[in-house]
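First chain A sits with chain B, and in the next complex the same chain sits with chain C.
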Partner chain A sequence: MKFGNLIIAGITTGSIYAMFAVCVAVWYRVSNILNLAVGDFAMVGALGVDNLYRVKGLPLPAAIITTLAVVAVFAYLYDQVVLRIAQDGRRPIEGIVVTFFFTFALSFFIDGVAKVLFGTDVHAAPTLWSGPSLTLGSLNFERSGLLVLACALIIGGAFWLYIKFTLGGKALEASGENSVGARIVGIDTRQYRRLIFVGTAVIAAVFGIVESPITGFTYLSGATISLTGFIAAAYGGFRKPGRALVAGLSIGVLEALLGGYVSAEYGDTVLYAILAAAILAWPRALGFESAVSG
Partner chain B sequence: MNQFLAASSRAFQWSSAVASSRAARRVPRGGVPSVIVLVVGAIIVLNYGLLYTGSVFVLSACYAIVTAGMAVQIGFSQQIAFSQSVFFGVGAYGVAMLNTHAGLSVLLGTVIMVVAAALVALLLGSVVTRASGLALAVATLMLPLIAVGYVSGTGFLGGPVGAPLSGTLWPGSGSTTLIALGGGLIVVVLLAAVVFIASRILSSDIGLELFVLGVDERTAAALGVRTPRRKLELFVLGCGFAALGGAVYAGTQQFVPETAIDPTTELALLIMLFIGGRRSVFGAVVGALVIQYLQGASNWVSVNILIVEGLLLTVVLLVDPEGLSGIAATAIAWLRRKSALGAAGGEPAADAQAPGAGPGVPDELAGLSLSSVLADRRPAEGAARAAGPGDATLLEVRGVFKEYGGLSVLHDVSLTLPERGLFGLCGPNGAGKSTLLNVIGGSVAPSSGAVILSGTDITRWPPNVRFYQGISRTFQAVHLIKGRTVLDNVAVACLASHTASIVTRIGRSRLDDARAKAARTLADLGMAHLAGREVSSLTLEMQRMVELARALAPSPRLLLLDEPASGLSEEQRQRLAALLTTIADRTCVLLVEHDLTLVAQVSERIFVLSGGHLVFDGGPADFRSSPVVNSLLVGS
Partner chain C sequence: MTQLPSADGPAGSPAASVALAVTGLSVAYGNVVAVHDATFTVTEGDACAITGPNGNGKSSILMGVTGMLRRRGQVAIFGAPAKNGDVKWAARHGLTLVPERRQLYPDLTTEDNIILGCYTWTRSIGKARRSDAYGRAIELFPELKPHLKQVAGTLSGGQQQMVAIARGLAANPKILAVDEPCLGLAEAVAKRVYDVLAQIHAAGTTLIVVEEAPRRALTLCNRRVEVRNGIAVDSRGDAVPPGDTPDPDGPYPPRNAA
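Then we have the complex of A and B:
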């Protein structure tokens, strides 16, 4: 059952990609900014919990809550200071500078601070659900993997319910469709930019905590995670969280299959080549045209 | 980019350029920044070449060669391609391999690798530059990811260990002093040459094309820019400069680490570019210097370099999105104003003019003479037109259908237009008017049917070729190029550079010719006083007039106007009507308009579209009395 186990592994990593992709896509809808620091929040979540629990000796729940609170407060302050000056000032900054480079700088800043606080070694948050892997016939389920999947389902589902059934969700969708129009009908798009930024930062940190026992993190891991989230969001057309989710899962499964059947060493290289080819062959179907013009 | 060809043609063209524009400029374009780079660079290398500071400077100059190319490609033309680190690696590893395994000198290896990289970039670019905007960014983002996987996986390139070189950039042997100083000077000379080439391209007529391309690709195509070719040229230029930077990096460092090719190099280069100022070649060089200096500072700054870079980038971009060069430009402008104020005895000289120009505008627009605009046609077309009778068919739209998915937007639309006259195109919202205009202009391909211009089937021609054949248009929403003056906005349509290669503009620029023609058009329209204004400071009427001037400037055979009167007052509409009538004496105008009074007043024939069908085709008298038109457009 190599195939089945590869699919399980693929769905597990794919759900991680998918969640980060959704975080990137949802915030891009409301802010027109690509969050290239989303992975760095995940890294801070994992290494922060590890540091507080293992080094400082805090109880695990306290360590998790403290870390998430710090992430939320930092994200809030960043929005209030930097993004407010950049987007809400007399002379709002437009184009690629604001789309890419403020969060890009933020990513560098967070990594630098993490290096000072957590050092350069590989660490991980403690496993929340330890024990031997569960088996079902010849299929193996790692407990950490199941936890990741459960988190993805719970957070993704809650998010979907919020968008679908609450006024806030509708307003959020409206801000994404047409920011100026949304502002005209009385929706404070800035408030949603802040809300979603803080929210996705915390979600990213949660995922960092549950994911880190599988992979292990250093202060530089954030960039790789942001990259996968960015790529998956790209294949979802940047503005469509639903498609970003599917893209993230597909990339995860494809990566696992390539690693298992083609080459463990060059699997990623082949994956990236396939992704590049896909984008060149079907830019419109993948939603790039609308992302560019709108 | 073929450097040899460029160099030889430059030598020839430079002399002719200097001879022909001796009155216009004392200093050749691009001369100032490249001389500053050359002199300052040489002084630093000669004074500090043997010290740590000198080696940091030479390293930063290697990166500056790359960022200067990025300023042209990514900053100025907004073609975001993450291909620099890969080609930096290609140059660096290539030189290392040629030196170690083939025994070639570093200098010869550099030449070979730059040419090879340009050829590879040409092949790769002809595939990836089909993508635009974010698609291009994401597709090229895969390149460093693929490359780093390959390098760490193969032993041939040294893998994670890296590749050492025995040779040095300075050819021949000598003392260590000579090798270090000579190598440093070669890098400085190459950097000055790169800055010279990049500055000259940006300040030429093709530089203006690239600016428009960066603002909006579709507008650029409608104005005649061969966008696929320009994008490919930019890609090759960026990759060629990156390979050159990588090659001299290998030659001066005598070692290529694995990190040379990995995405962190790409990120570092982007930070240098955006801190320095993305649109400025000189700024990009300064950015490389600043970042390398901070990284090499060997104190708390270089230990916490990520925090410093993150903070610096955030603060600089918040102060000015154009980076350090933008801040410097603002400061210089402020100092100039300050000194001008001092000279004028405290009288605000610049402000006194602006209010005066405003109220004068409407009056000057009233008196229009278009004689010289329309007389100044391209000779070949003028001859062809003179031979034919005045009411020969210019444009024929034959059985055009257009469907988006299952939605039919145009259904069997056929119409013919003669060589001159004014023709109205009306219809309710969503009737397909703009789509028909796009089909004629070439930005939308019909599902079936044909568009024929003077007997030639142009259905498959791209918009830029149609523009060149005399189809000129305005847009429903004003598509002017923000950040440029009125003169430059009109000059875009007068460029004669569409068939030229970027390389030729290292030699002679023809921007002055285009600006002169644009100035004549503006003068004919009574808008000469607006020439120096930045377009976003204009009123809507003025912006529409600028767009009309831009459409008229190339003396088109067919002028497509998409709702030019929307948002204008009654008085402004009457002025526009008078102007359109004058234009229509000499050329064919197809006017899409909601204002039925205006259409009936100026048009000699009117077409009405409804739900994609052509439901009316007749003169203004029939138009007024037609029950179909009345029920559709006047209201039932």
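Then we have the complex of A and C:
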């Protein structure tokens, strides 16, 4: 059952990509800013919990809650100070390239602080659900992987329910679709920008914590995570969380299959070649033109 | 100048209260002044047309009054002084805008577009669905019924205009300000839009209609504010007969003509 196990592994990593891609896409919809720092919040989640638990000796639940709280407060302050000055003033700074640098700089800042606080070694948050992997027939389920999947399902599902079945969720969509139209019905688009920025920072941190036992993190891991999230989000023109989700899962599965059947060393190379070829073949259908023009 | 009888509705009756009072309103885009010192009032139950050539500041008046743009000068809605730049406040106090070019949410369904009008007064989707305002907004447009689950971006121009008006009604307004409702619509569709506006007016909602073509506006409106080069001239009283305008059939001559 090599194929089945590869699919399971692919869905696990794919769900991680998908969650980061959704975080990028949802926030881009409401703010028109690409969040390059999303992976850094994941890194802070993982290394922060590791540091508080292993080095400072806090109990695990306290370490997790403290880390998430710090991430949330930091994201809130960043929105209140930097984004507020940049976007809510008399002459708001707009354009995908310029606003890119807000979060680019943020990413470097977080990396720098993390290097000082956590050092340069590979660490990981402690495994939350340890034990031998579960088997079903010839299929293997890593416990950490199942935990990642469960988090993805719960968080993704909660978000989907929020969008589909609440007026607040529809208002969130509306402020992404048309900010003028949103203001007309009294939607505070800044409030949603803030809510989603803080929300996605915390979600990223949660994923950092549950994912790190599988991959291990250094202070530089954030950029790689952001990049995979970016690539998947790009397949929805950065504006379609649903497509970003599908793209993230597909990339994960494709990566696992290529690694298993084609070549462990060149799997990634082939993967990116396929992704690039797909963009060249169907730029419009994959949403790349809208990403560039709007 | 002929005085038209003010037979339609409470307009002109001294007992009717002032729905909207605008005093010394100025709106500017950077250094460009779009509206200069506009003063006018709209009485409850009025249907007031704001007319004038393109680019003379009609829409900017509505943007300033509703709070979409920051303004100078005072605006009072049913006597309460309106906060500058606060659209939500205006909507909560009964003034809702149906904007130029409709400003819908193209990837949301028709139903979602309309129900978001309720966001001005509730956060509960259940309350919004059961509300009279939402029910009436849906009832008024039987032609939208088959398209409620369709995304709004795929509707025709006329249907989108109706969605925009329905969204405005879902906000449960006492004053509905409609900006260029017939822009780019075929004559038959424009007529349907005006029929609906007449129904809304007849049901007791005060109307403000920004319209480039004065004749069409004056089929519905009992009074009018004329805007020229950003300066508003209140006609004070009943409708100006179509004969008073340079070209009653529609667009004004260019600003610098004659």
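Going forward, the second predicted complex is superposed on the first by the 288 of 294 C-alpha atoms of A that agree within 3 Å, B and C clash if a C-alpha of one lies under 4 Å from a C-alpha of the other, contacts with A are read in each partner's own complex, and residues count from 1 in each chain.
Note that contacts are C-beta pairs under 8 Å (C-beta built on N, C-alpha and C of every residue); 3 or more make two chains touch, one makes a residue touch a chain.
As the structure is a prediction and not an experimental result, all values here were calculated from the model.
K.L.:
Applying the document's definition of touch, where does A:P283 land relative to chain B and chain C: first, second, both, or neither?
P.N.:
Touch partner of A:P283: chain B, not chain C.
K.L.:
Which partner, chain B or chain C, is in contact with more residues of chain A?
P.N.:
Between chain B and chain C, B touches the greater number of residues in chain A.
K.L.:
Just checking: does A:T166 make contact with chain B only, chain C only, both, or neither of them? Give me first, second, both or neither.
P.N.:
second
K.L.:
For A:L249, is the partner it touches chain B (first), chain C (second), both, or none of the two (neither)?
P.N.:
neither
K.L.:
Please work out whether A:D111 is in contact with chain B alone, chain C alone, both, or neither, and reply first, second, both or neither.
P.N.:
In the superposed model, A:D111 contacts chain B only, not chain C.
K.L.:
For A:Y272, is the partner it touches chain B (first), chain C (second), both, or none of the two (neither)?
P.N.:
A:Y272: touches chain B, not chain C.
K.L.:
State the interface residues of chain A toward chain B in the complex, per the touch definition above.
P.N.:
Chain A residues touching chain B: 82, 85-86, 93, 95-98, 101-102, 104-113, 115-116, 223, 227, 231, 234, 238, 265-266, 268-269, 272-273, 275-276, 279-280, 283, 286, 288-289, 291-292.
K.L.:
Please name which positions on chain C make contact with chain A in the complex.
P.N.:
It comes out as residues 66, 68, 87-88, 91-92, 96-97, 99, 102-108, 112, 115-120, 122-125, 128, 167, 171.
K.L.:
Under the definition above, what is the set of chain A residues touching chain C in their complex?
P.N.:
165-168, 170-171, 173-174, 177-178, 180-188
K.L.:
Could you list, by residue number, the parts of chain B that touch chain A in their complex?
P.N.:
Residues 78, 80, 127-128, 130-135, 138-143, 145-146, 149-150, 153, 263, 267, 270-271, 274, 278, 304-311, 313-314, 317-318, 321 of chain B touch chain A in their complex.
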